[in-house]
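The structures considered in this document are given below.
Each of the next two complexes has chain A plus one other chain: chain B in the first, chain C in the second.
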Partner chain A sequence: MTNHWVDIRNANLILSMGGNSAEAHPVGFRWVTEAIEHNNAELITIDPRYTRTGAVAQDKAFIRTGTDITFLGGLISYLIETNQIQREYVVNYTDASLLVREDFGFEDGLFTGYDPERRAYTDKSSWMYQVGDDGYALRDTSLTNPRCVYQMMRAHYSRYTPELVSSVSGVPVGDIQRIWRKIAATSVPDRTMTILYALGWTQHSIGSQIIRTAAMVQLLLGNMGMPGGGVNALRGHSNIQGLTDLGLLSQLLPGYMSLANASEQDYRPYIDKRAKQPLLPDEVSYWKNYEKFHVSLMKAWFGDAASEANNWCYNWLPKLERPLYDVLDTFERMSKGEINGYFCQGFNPLASFPNRAKVTAALSKLKYLVIMDPLNTETREFWHNVGEYNDVDSSQIQTEVISLPTCCFAEDDGSIVNSARWLQWHWVAAPPPGEARPDTQIMADLFLRVRRLYEQEGGVFPDPIVNLTWDYKQPAKPSAEELAKEYNGRALVDLTDDQGNVTRRAGEQLASFSELTADGRTEAGCWIFTGCYSEEGNLMARRDNSDPYGIGQSLGWAWAWPANRRILYNRASADTEGNPWGANKALVWWSSEQGRWIGADIPDFPAQSPPSAGLGPFIMQPTGGGNFFGGQSMVDGPFPEHYEPFESPVGQNLLHPNNPLARNNPAARIFAGDREALGSWEEFPHAATTYRLTEHFHFWTKHAKLNAIVQPEQFVEIGTALADEIGVSKGDRVRVSSRRGSIYAVAVVTRRLRPLRIGDRDVHHVGIPLHWGFTGVAKKGYLVNALTPFVGDANTQTPEYKSFIVKVEKA
Partner chain B sequence: MVNSQNIVARSATTLPAPHVRDDVVEVAKLIDVSRCIGCKACQVACMEWNDLRDDVGECHGVYDNPMDLSAESWTVMRFNEVDVDAVHDNAEGDKELAWLIRKDGCMHCAEPGCLEACPAPGAIVKYANGIVDFDSNNCIGCGYCITGCPFDIPRISEKDSKSYKCTLCSDRVAVGLEPACVKACPTNCIEFGSKKDMLARAEKRVNDLQQRGYAHPGVYDPQGVGGTHVMYVLSHADQPGLYSGLPKDPRISPMVSAWKGVTKPIMSAILGITAFAGFFHFITKGPKEEPTDEEVFGDDEDHNSGDRDDGQDDGRHQHSHEEDRS
Partner chain C sequence: MTVNVTRRQFFKLGAAGAATSSMAMMGFAPESAEASVRRFKLTHTKETRNNCTYCSVGCGVLIYSLGSGGENAHQEVMHIEGDPDHPVSRGSLCPKGSGLLDFVRSDGRLEYPQVREPGSSEWTRVTWDDALNRIARYIKDDRDANFVQRNAQGQTVNHWTTTGFLAASGSSNEAGYITHKVVRNLGMVAFDNQARV
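Coming up: the complex of A and B.
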């Protein structure tokens, strides 16, 4: 989230889109009801279905799954053409005025630099601003130059008329215009819209670009950095935010630093590429400090072994030979027999990954599979014949499965990062059962054994293993506090200021990432967490809920990264003079008496830089502004464009009907065998989408009797029109099949799903809740990922679970 | 059992109730249906606090589960897809689909039909704070409370032939806590406090709904039963039937009045109350049978190990009782 849960209450309009916030986040949803009751806010939900969110929404529309970019892109055009933008904000706080290179273009669904053979944009050199001789970007603050980002964006989305949006998305033109009008009303300075989204946006082959489109809308409306504004991801698992923060993705290092790719064998170019220099004079461009974060990480990991002489152990870091080693890629290689062993920690791939048949075949080729989980999982039992629910030939599977039972969250100390970036400490409430141990102890035990083997027997590349810092008091049991102090970081020698005064003694915990150095004097395991465990103690354990300004800003409750800032880009909540845009939206502002930024939040800005200096509020961006133009940051284009899901109920992309290359995301990766496993809409005419229900949490709670009682048995939701067509009544069993597999389930027949008019035919949606499986105390069910396609978002490879096609028939 | 001085009405009892606590504040639970997301946290909290576990059932083609109230499910969410007057300029015209989700359970009537109808002395009581509670030890399982209830709430258990319903967490309320469902509700759509405060809250919510364009919002506090200690805020209060058949003007069944007015005094004159209760139990449940060991003590280890003809039954009972007390 750019903002936070409590801040939702400050919104005037809440757009719940790409997620069913009441269903999947009922506890956080209380802040939506707060906004409705106490801020007279309106809740709008846009979804393929009439959902639990819809049950309490003031307005709603029904959209075909996977077409959100058309709705939002059309909205961008509407805002521009009707001049309902926050103009002062757009001119001063975004890249709207910057000029784009003359050789950049977009034609028939493809941006410049596309290589159809490799299905990738191999030449992104034109995806840049025009840069002058001084190295700074050229701009036109009148926003009239046809090459300025604003005009380029305007031209790009001029194609997204209400009629076109309606014909692609199925939302009636009247609904589109009514909701656009309501959203546009938040372009005034003292009204904000918050956007709440979840996996309904991420799990598409164009997922990252849908979210970018939402951010562009918010920039046009001046709703970023504002109380009750922002683009807010409602994270789907406890601590999944912490997972990404700590870099547990194949291409990341902690704190959103990135691993080098194979072409980056030298240290200095690796750093220079990531230490982004300002693109406009004097801008903060905070990533220019990348080396400080990186060296401090290397010192935390390798201690004295990391020195300037060996480039801080740069050669010990893996270099990526492909863009991502994501789960789809891993299971592709596993299915080819290229992987011998697989550690599965807090993950249930057989249930969670697409194309279950492929996953079963891949797991069957392993020599060993290690399961670290507090509960039994389908993956652990993948070899076990459970009749129709897991119809495998156990005699043909030789994989050895090893179970290492772990703790549940209440059986362990530690911090959990919530969607709002708050690191909240929690304390052990009960001892773990049986042989279960905390994950950290299992990992420590494993590491110590591996290290011993390297020490005793040597090996091909022992250095990073035998030199890894492991100075925990009980090496086999690193404590949560020790690990927290490590990722916070400390001074390794006395730190001094410009005058030579000691600012931090050697060994002291650091209070801020601004103390980090690139010369090996500091260490920090995750720079964005620096400050969470300072000399003041464990700030994550704070529970002071006082709210001195009365706008839900409790800075003494736990600790938020970065630097305990609760609303990112909050300098943008004040105008160019440093005054709040509206009295009811005061968050941080410039105090000329004190000569610094003050207010209800920690300024996300150089605290003593006066408004007159004119620095942009988006301090992580080289331009200091929010980016409408994505530059080279995305693999699939600087402006979001609508492409059909890889399995679409519509034969063509109505935006580019004559270019087959632009039917689906042209930069999305799909393996050859998986492309062959895609179905056609003639054979599988129904649009399908999978999701969670309030009564359950993923595949866990089917182990709990209370949850099983309130939602005991697998079902799919179909509309009454489709039910009539196929002769099904509520409670009947239906068969749902895709090109890759089929499931059987009870039919919930509902008026809440209605056919959407796309082109010249009605498209029916099928809703498929995902919770059931063949372990637990709920009724046994089919793993719904028997149905889903093995293709992901072009940028993140998050699988396209939200848009595919099936056929529903009476069982 | 809550202190007996709190009891202001008692089924099938002619003795006057104590009035020493007449100043007790009447409580109420307010359920704002317009803010309910149907998450069922209240159902789960109810089961957890009251140590109830219904069967793991099956899906019947709707979101509701369990499908109905039972001896183990004292509250259930009922989901309704109905046509209502459109609030917005909707493209479909003047009617639109609404998904109305109502938490069903005991309404805790000021004039409780169940208590009126109950022939078993002290099986149903009303406290000074307004809560209507079942004292299961006195319940004879006749089912008259079901007949007497205008909301069709009590359910007879197949396990012990006694009647059960929501207690409004009388045990929690007695020590100053809110009912478990209120505590668990994530959207604050269930609130709890004095009836006066809850009526004031309800009025505010009704005003809000009015301003948002609803033609007939209102509070459901039916006077036919003297008002209730569980109240609803309804967006469409003119049609309570939209909410899973919530009765528009609930009243205690005339059968109960007839029973109270004529039959009961005569019967009471003929039979002593105790004999009468036994009689009712006999005609509804048949002759009393001695319970088996399993029914009394469950399937404990003694029995599993067991030779049942060793003549040690009495000793085993004794042993088990001692274990219970230790």
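Coming up: the complex of A and C.
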């Protein structure tokens, strides 16, 4: 979230799209109802289904799954053409005025630089601003130059008329126009819309671009950095934010730093590429400090072994030969026998990854599989025959499975990061059952055993293993405090200021990432967390819930990254003079008496830089502004464009009916076998989407009696019209099938799902809740990923679980 | 009876819209009602602060466990409820969080290291030493056999692609940090957590 849960109460309008927070984040959703009841706010939902969120919304529309970019792209066009934008904000706080290179273009669904053979944009050189001789971007603050981002964006979305949006998305024109009008009303400086989304936006082959479109809308309306504004990802697991922050993803290092590609053989260019310099004069461009964060990480990991002489162990870090070694890539390789060992720590891929048949086949090719989990997951039992629910022949599966029992939340100390970036500390309440152990201890013990083997036997490239810092009091049982202090970071020698005064003694914990240095004098395992465990103590454990400004900013509760800041880009909540855009939207502002920024949040800005200096509020961006133009940051284009899901219930992309290359996301990767396993809409005519229910959490709570009792049996939801068509009444069993497999479930026949008119035909949606499986205390059910396609978002490879096609019939 | 009266008063006040905060209107229970129940049920328990382990709202919970926590005293979680001080959840839990106790005490909890041998249809219990030594050996052998120092183009890559790791986004930052530290420095690149899906 750019903002936070409690801040939702400051919104004037709440757009819930690509998520169903009343169902999936129920307690967070209370802040939506608080805004409705006490801030006179309106809630609008846009969803394929009539959801629990929609049930309390003042306005709603039903949309065909996977077509959100048409609705939002049309909205961008509407805002521009009707001049309902926050102009002062757009001109001063975004890249709208910057000029785009003359050789950049977009034609028939494809941006410049596409290679159809490789299904990728292999030449992105034109996806850039025009740069002058001084190295700075050219701009036209009148926003009239046809090459300025604003006019380019205007031209790009001029195709997204209400009629076209309606014919693709199935939302009637009247609904579209009514909702656009309401959203446009937040373009005034003192009204804000917040956008809440979840996996309903990420799990598409165009997922990242859906979210970019939302951010563009919010920039046009001046809603970023504002109380009650922002683009708010409502994340899934309790610490999925933390594990992302800590970089546990194939291409990342902690704190959103990234591993080198194989082509980046030298240290200096690796740093220079990531240490983004300002693109406009004097801008902060905070990533220019990249080397300080990187070297501090290397010191945390390798201690004295990391020195300037060896480029801080640059060669010890693995380098990437593919863009991503994501899970789809990994299971593709596993299915070909290219992976020997696999570890699942609190992760249930048999249930969670697409095309279950492929996942089973892949796991069966492993030599060994290690499970670390508090619960008996389906993956742990993937070799076990459970009749129709897991129809395998154990004797034919040669994978050795080693299962290690772990603690659950009630049995370990530590912190987790909620969706609002708050690091909250928790304490052990009781010991775990049997011999279960905390994950920290298992990883430490395992590492020490591996290191011992390398010390005793030698082996290939032992350097990063035998030199890894391991100064824990009990090496096989590092405490949560020791690890937290390590990722926070400390001074390795006395730190001094320009005058030579000591600002931090050697060994002291750091209070801020601004103390980090690029010369090896500091260590920090995750720079964005620096400050959470300072000399003041463990700030994540703080429990002061006071809210001195009365706008829901409890800065004394736990600790939020970065720098305990609760609303990102909050400098943008004040105008160019440094005053709040509205009395009711005051968050941080410039105090000329004190000569610094003050207010209800930690300013996301150089504290003493006056408004007259004119720095942009988006300090991580080289331009200082929010970006409408994505530049080279995305693999599938600088402006979001609608493409059909890989499995779509309509035959063509109505935006580009004559270009088959632009039917689906042209830059999305799909493996040959998986393309063959895609169905056609003639054979599988129903649009399907998977989701979760309020009573369950993924595949965990079917192990908990209370949850299993309240929601015991697998079902699918179909609309009354579809039920009539296929002769099913409520409670009947139905078979749902795709090209990849089928499941059986009880049919819930409901008016909550309605057919949508797409082109000349009615498209029915099928709702498939995902919580059942073959372990646990709920009734056994089918893993719904028997159905889903093995293709992901072009940028993140998040699987397309929200849009695929099936056939529903009476069982 | 005390409880009923207090609750009724609470709803009356709520309906009148007077003297109650907006939080009470949202259904957060009044403190007096909480307190009068807890005094009986939770005497002699230890109270520990924690957070719900499910979604990323991160609701505050109070865990009550029996047993002193001393060397030989067995401790057991016997009650979990919302933390009324928490600025987001203010004592509330949703239907998922309300079942946390049954998750902690689930029959599905794993208690011992076990191994399923190739081709077998059953589990065998092993010791932690056996299990970890086995895994350490597999790691070393596979890494030594397949670690790539230079690729076909002669570029230094120093990576190990034949073993992969999925990390748990239900685990703590400290677990995540040490997992990253170990996994990356073995040279692994096929490394993800639930954020990928």
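In the analysis below, the second predicted complex is superposed on the first by the 811 of 811 C-alpha atoms of A that agree within 3 Å, B and C clash if a C-alpha of one lies under 4 Å from a C-alpha of the other, contacts with A are read in each partner's own complex, and residues count from 1 in each chain.
Here is the rule we go by: a contact is a pair of C-beta atoms (placed from the backbone, for glycine too) under 8 Å apart; a residue touches a chain by one contact, two chains touch by 3 or more.
Since the model is a prediction, treat every value here as computed from it, not as a measurement.
Enquirer: Looking at A:Asn584, would you say it contacts chain B, chain C, both, or neither? Reply first, second, both or neither.
Expert: In the superposition, A:Asn584 touches no partner, neither chain B nor chain C.
Enquirer: Which partner does A:Lys779 contact after superposing on A: first (chain B), second (chain C), both, neither?
Expert: A:Lys779 sits against chain B, while chain C stays out of touch.
Enquirer: In the superposed arrangement, which partner chain does A:Val428 touch: chain B (first), chain C (second), both, or neither?
Expert: Touch partner of A:Val428: chain C, not chain B.
Enquirer: Between chain B (first) and chain C (second), which does A:Gln130 come into contact with in this model arrangement: first, second, both, or neither?
Expert: A:Gln130 sits against neither chain B nor chain C.
Enquirer: Between chain B (first) and chain C (second), which does A:Glu695 come into contact with in this model arrangement: first, second, both, or neither?
Expert: In the superposition, A:Glu695 contacts both chain B and chain C.
Enquirer: Quick one: classify A:Gly346 as touching chain B (first), chain C (second), both or neither.
Expert: A:Gly346 contacts chain C only, not chain B.
Enquirer: Let me test your reading of the model: by the given contact rule, A:Leu706 touches which partner, first (chain B), second (chain C), both or neither?
Expert: So A:Leu706 meets both chain B and chain C here.
Enquirer: So, A:Arg449: does it touch chain B (first), chain C (second), both, or neither?
Expert: In the superposition, A:Arg449 touches chain C alone.
Enquirer: Please tell me which partner, chain B or chain C, touches more residues of chain A.
Expert: C
Enquirer: Scan A:Leu320 for contacts with chain B and chain C and give back first, second, both or neither.
Expert: In the superposition, A:Leu320 contacts chain C only.
Enquirer: Output the chain A positions appearing in both contact lists, the one against chain B and the one against chain C.
Expert: 26-27, 30, 33, 37, 694-695, 705-707, 710, 777
Enquirer: Across the complex, what residues on chain B touch chain A?
Expert: 34-41, 43-44, 47-48, 53-63, 65-66, 81, 87-91, 97-101, 186-189, 205, 208, 212
Enquirer: Given the complex with chain A, which residues does chain C contribute to the contact?
Expert: 22, 25-27, 46, 48-60, 63-65, 67, 74-77, 80, 85-89, 92-104, 106-121, 123, 128, 131-140, 142-144, 146-147, 149, 151, 153, 155-197
Enquirer: Across the complex, what residues on chain A touch chain B?
Expert: Touching chain B: residues 22-23, 26-27, 29-30, 32-33, 36-37, 50, 52-56, 58-59, 172, 174-175, 178, 694-695, 705-715, 729-732, 746-752, 777-779 of chain A.
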